[in-house]
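You will see chain A twice below: alongside chain B first, and alongside chain C after that.
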Partner chain A sequence: MSLLQRLYAPQAQEPGKGRLASAVLLSVLAAIAVLVPLLNLTVPADSAFHVPTYLVSLLGKYLCFAMLALSIDLIWGFCGILSLGHGAFFALGGYAMGMYMMRQIGDRGVYGNAELPDFMVFLNWKELPWYWYGFDFFPFAVVMALFVPGLLAFVFGWLTFRSRVSGVYLSIITQAMTYALMLAFFRNDMGFGGNNGLTDFKDLLGFDLQSDNTRAVLLAATCVALAGCYLMCRSIVASKLGRLITAIRDDEARVRFLGYRVENFKLFVFVLSAMIAGLAGALYVPQVGIINPGEFAPANSIEAVIWVAIGGRGTLYGAIAGGVLVNYAKTVLTGVIPEIWLFALGGMFIAVTLFFPKGLVGSLPAAVDWVKRRIGKRNPPASSSLAEEPGQ
Partner chain B sequence: MNVTGRASYSESQLYVDGVTVSFDGFKALNNLSFVVEPGEMRAIIGPNGAGKTTMMDVITGKTKPDEGRVIFKGDIDLGKRDEAAVVALGIGRKFQRPSVFENHSVFDNLELAIKSDRSTFACLFDRLDADRKSKIESTLERIGLAGERDQMAGKLSHGQKQWLEIGMLLVQDPELLFLDEPVAGMTDAETEATVELLRDLRGERSIVVVEHDMAFVHALGVKVTVLHEGSVLAEGSMDQVQNDPHVIEVYLGR
Partner chain C sequence: MSLRQWMRGGALRFLMVFWALAVLVPHSGASAAEDLGTLVTELGAASLSKKQAVVDRMVATGAPEVVPILEALVGRDLYTRKSDGVVVIGQKTSGGKLLLTDPLTGSEVGTVGSREVKRIKTNNRLRSSVKAVMGTLTLMSPDPQRRLEAADGLLKSSDQAMLPLIETALAKEADAAVKNALQLAKASIKLQSDSAEERLAAVQSLADRTDPESRVMLSRLLLKDGDVWREPDEMVRATAGKTLASMESRLEMWRTVEHLYQGISLGSVLLLAAMGLAITFGVMGVINMAHGEMVMLGAYTTFVVQEVFRSVAPGLFDWSLAVALPAAFLMSALVGIAMERGCIRFLYGRPLETLLATWGISLVLQQTVRSIFGPTNREVGAPEWMQGAMESVAGITLTYNRLWIILFSFCVLGAVLLVLKKTAFGLQMRAVTQNREMARAMGIPTGRVDAMTFGLGSGIAGIAGVALSQIDNVSPNLGQAYIVDSFMVVVFGGVGNLWGAFAGAMSLGVVNKLLEPWAGAVLGKILVLVAIILFIQKRPRGLFALRGRAVES
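Presenting the complex of A and B:
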């Protein structure tokens, strides 16, 4: 099988191993949500147990990426739809939140215009474009962070799935989608800040974005959102609909001839996945302080797929692990030798796809078995020598 | 064979009426006509390229006919319906290559197939009720896979996969069943068991078996339709068609 074929070959993970992994994942998320803010806020800065603020935001960023990975795993690992454009949904969610925070700046901008964000004043615009209406209202922005990616996914999915576009062709169209959006958002007259995007945010719901407290709460909120999305995805893949989408992944024609409208099922998970990605983007932007068209770059979406491949697709928790671990590796490597990061990422991707198609978590049981056997060879189990004794 | 001698097909299970399908000028089906009666079991044979698969594609909504009509139960035109709609009307199809969901258990395969609300949200909140569960269990007995209930379908033998797929059709409770080469690749013992299974199903619903295996068709002992170059070459009992000079020339005599 070629590398490309392997990307589209289903990777069924052994069922029943998810319970322990879920428990571990949820405990870790709970621990992060409670301990990290605690160690950041209450432990004095000179203590060895103090967690610096930059680490709080870094962790929050990783978890947002993990949520994006989760959304990709839901459609790729379980339904066989390889989207190479999921970064677009993430970025749209981010823009929705960014628009809210731009409106929160009010007259504290450089130009002191209470009505218009700085970049609009700079462009000599006189009034707020209609599509910015409502974004000064937080609940509206949150709804839009889910609704806009969902709507785009719905229109895109409705057109492609109904025409039975799948496999490589679908992947290429998703790339084109995110690329087109990137070009559009680069334009100043789109009204989203062009090249610079949206930045210089001051506060969220009245809380100062630079304060340690706000950052700690954002991290905790990200943990809760990720745990919630994980549990929702878990219950979906455990339902009859979940068994059906894996059946679609494995043999689409058979599902069709069982009388199901395959396109509707694909559309459902695709839209849901886009909304999770949008939520991840909305949580990401306040923690990194900027959103610009670079987030739509096709390479970003591909990178997110690589996290899932490395973590282990078709497990949900594997995608989350992949999102965090690969981004941690990126932080470390780009700090030490920035030039080799892309080569390292590409190398890991190829190695995992060729040799460990089930990813890190999928290969873990086999690795544990292997180690056990090695240890077993060295010191034969005590019980067997006991059993032989009476006969001797 | 002559199918135009009858006044009405309103009583028929399936009436294929002058269907023609061309692919780039090649006529895969050429004015094909035949009738299947309610409760009848029919065998359709024919050499490779005779149009057997295209015929099933047209009936099950995958391919649209260029000319002609396919009428189900006397008054339902299948020509304009897609696969899902055709299944909803009560027509099931087993593929030539056994297609079961290999990463699902035998039980789950049947659960996905059993007659139920096919809409997306119904599936999201579906809970298997006692009726459907007992129907699945009894079907497992019937297809001889009760012992493999919780095994992954991918681990089954080739013959067992074929039976599972037949089981998946049975739990859909179709009125008309298409079986494409149900004994292909089976051992003799498995073929025999399949003949028993199909005989057992006889009369319960209309069944059309498309086969290459002459011994199997003989063992079924049903009316046979011979296809050749997209139309019906002969129709009758196995003995009749075997002695038909046209059939001997294009098919059996080779």
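Presenting the complex of A and C:
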């Protein structure tokens, strides 16, 4: 048996833990994928059950962020790699999709040039740069949305894991990576639209991006993709490979001494995580209608990390919940009092690291126990203690 | 007003050269001079066509009083008094009357109505020729600025006839800038000479220069009009080519010097920002993402101190930085200690959590400052001694504020080294860095040392903010702009080592600035970042790595 086969061999599942949550999560996603488009498209606008189109797009956006959070949880929660540059993979996936949609504009741009996107005409470029070839073709763009982040993660991870850069050093250089990419994409010469990024998209696979139908389908597709990624991550972390990865998180040196090539396992998870982030970005761009270099900003990546921390890392579903909840809070708070959002976000960072290291889903059972005990009922359940949390 | 305009005039200029020589060579002019008083009276009486001759004779007297008289003539302020025919200078007063002054002595001679005097008539031709004479009179002016203008005018006109005048002026000239301009004018004139030797000498006289004018002058010699060389003599051409090449290479060297200077200045800014980080990271293993905000707090403290100075004691504004330095240090140090005691100390041993928590603190600090001071840039003034720039021959400029920052950062580095090596606190700090458990066992209050260390690191960030406020915009985002770079410095140099931070900051700054002309500012920065990411692969613990068992954990 090869190593991978052995690693994937069925093994004793973690009993019960996470099963319920997985079931809840998947049903919620299924419900969103079916009900929200239905309520948006078939229920008349004046009905109380009507879901307005902006809400459809907003939900789609949250779910893309949740997918990014999922990818971060996979490497941080299970492998102990804190990447402060996952926004870069997200943005690269987004750019790949954006490039496809730019090509779809064709001669409907402001300058009416069928050969070149508007910004290239504006910059007086004569021909399409080579790296734009193939993006007229949708499957190619999708493959690129996965391949480019994956390749970057592979090169970056191959270099860093092999020389055993870890901990905060790794975090800092991932931050430098996304920062360098941000600077690069801000340059007009790069051929990605510079400051303004890519925008003014018209349609995707021939469907008008502004229409309710397309938006509903995009939301459903995001739900499906998120569910698929979740199941894949779940199966990985529940497998023997997952055990090994967790072991690396807890004591890398010991796993190495046991004879495993630690860097290869880390590299595998890192690349997979980057590809999930790329997919999330590819789904994100058609729903928000723009991608610009601001997505590479280091602050964005760190913010994504806090979604995971707030949701509860090392649980996968917690990350998804965190991604949706924090972004929902952001929408609400910035709508009511814009100034308060950064206070709230900063407060969340501090509170979650100091008081709820296990995040919402980790602290929930403890809180429930505490309430139960308060009420006076006896026999506290086994999961009541805040066990030493994983990772560093 | 231009000299060239006048050159077209003709005859007068020889006379003028003669005049100039007369003035420059003492005594020789005085005997030939006529009485200015009679000439002025003559000017009042002469017909329009004869006035030119009178002006020429006035110029020939070489008397310094000629200039105001001619100025008045051009400005149509020269009158004759109707009652006695005396020439006077008249200035309009508020009451519509004329205040008369004596043209020779400058003393007031009464106020009269405009009907009582008659303006001395001039025409365009006369005025322009008089203006031109005055333009050259300025070559002898006591004001260097006016002499410089006159010399530049000579360069533009490049008239052979002016050569003797330039020679004499050169012999007398003391001011370097004027001398420089005169030499250039002289070479330019000589290059038009018919003799190849003269031209060769002119080319050789330019050998020491690097300014754009002389380079243009030389490169013009190497041009062809169709098939014909502009410069017929091969020898002159060859010398010009060689001279030009050596100029370019010297210029290249100066540019490199300028880039080095900019690099070192950027490096010292990075050093200031990264020094505190190196201390906190090195001693406590704490990644303080709010470090940039400590810098920002320092900059805002400077702003507040300056505002206080502006409203309370505007005269002492130049001293505001002296007050801002300790104030910024205290402000940031206190915030840092509060952070450490209130939050970070609960997270020791969990560096990734610390990173997130301090990032949260940085967001809160940013938003607090934004709420108090507004999101826009704040104006921070520079004291007088920090303004201006040093200009060298090759046209490169070294600004004083950057020079001060370089000196300042070195002083701070020295001071911190002293604190670390020579004080009890420094000793305790180093002990905790090397072995926390053992230090504690020896009775060192590690908790207090941690707090003080964090305060010291943050305080240094605060004074970095004072320096940065002099060269950068003071906005709530100030810290964010430097945080990635400071981390790069620390990671590159190796943590917990001030010399590592120093080496890292300087090499980053210099490499950045040397790459800039070649690759552009943004691309240069990207290249540096990529280079560091690659460097980390080779030396994961930086240039000056701490060794020992504690490092691995």
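Note that in this section the second predicted complex is superposed on the first by the 359 of 392 C-alpha atoms of A that agree within 3 Å, B and C clash if a C-alpha of one lies under 4 Å from a C-alpha of the other, contacts with A are read in each partner's own complex, and residues count from 1 in each chain.
As a working rule, a residue touches a chain if its C-beta (ideal position, glycine included) is under 8 Å from a C-beta of that chain, and two chains touch if they have at least 3 such contacts.
Because the structure is a prediction, the values reported are computed rather than measured.
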{"item": "Contacts of A:Gly157 with chain B and chain C, given as first, second, both or neither", "value": "neither"}
{"item": "Touching partner for A:Ala180 - first (chain B), second (chain C), both, neither", "value": "second"}
{"item": "Partner chain(s) touched by A:Ser239 [first = chain B, second = chain C, both, neither]", "value": "first"}
{"item": "Chain A residues touched - chain C or chain B, whichever exceeds", "value": "C"}
{"item": "Partner chain in contact with A:Arg261 - chain B first, chain C second, else both or neither", "value": "first"}
{"item": "Partner chain(s) touched by A:Gly94 [first = chain B, second = chain C, both, neither]", "value": "neither"}
{"item": "Touch list for chain B against partner chain A, complex", "value": "60, 83-84, 87-88, 92-93, 95, 99-104, 108, 111-113, 118-120, 123-126, 128, 168, 172"}
{"item": "Chain A to chain B touching residues, read off their complex", "value": "10, 12, 236, 239-241, 243-244, 246-247, 250-251, 253-261, 264-265, 268"}
{"item": "Chain C residues touching chain A - in the complex, by the definition given at the top", "value": "285, 287, 289, 343, 346-347, 349-357, 359-364, 366-368, 370-371, 480, 484, 487-488, 491, 522-523, 525-526, 529-530, 532-534, 536-538, 540"}
{"item": "Of all residues in chain A, those that touch chain C in their complex", "value": "82, 156, 159-160, 162-165, 167-169, 171-173, 175-177, 179-180, 183-184, 186-187, 298-299, 302, 305-306, 309, 339, 342-343, 345-350, 352-354, 357, 391-392"}
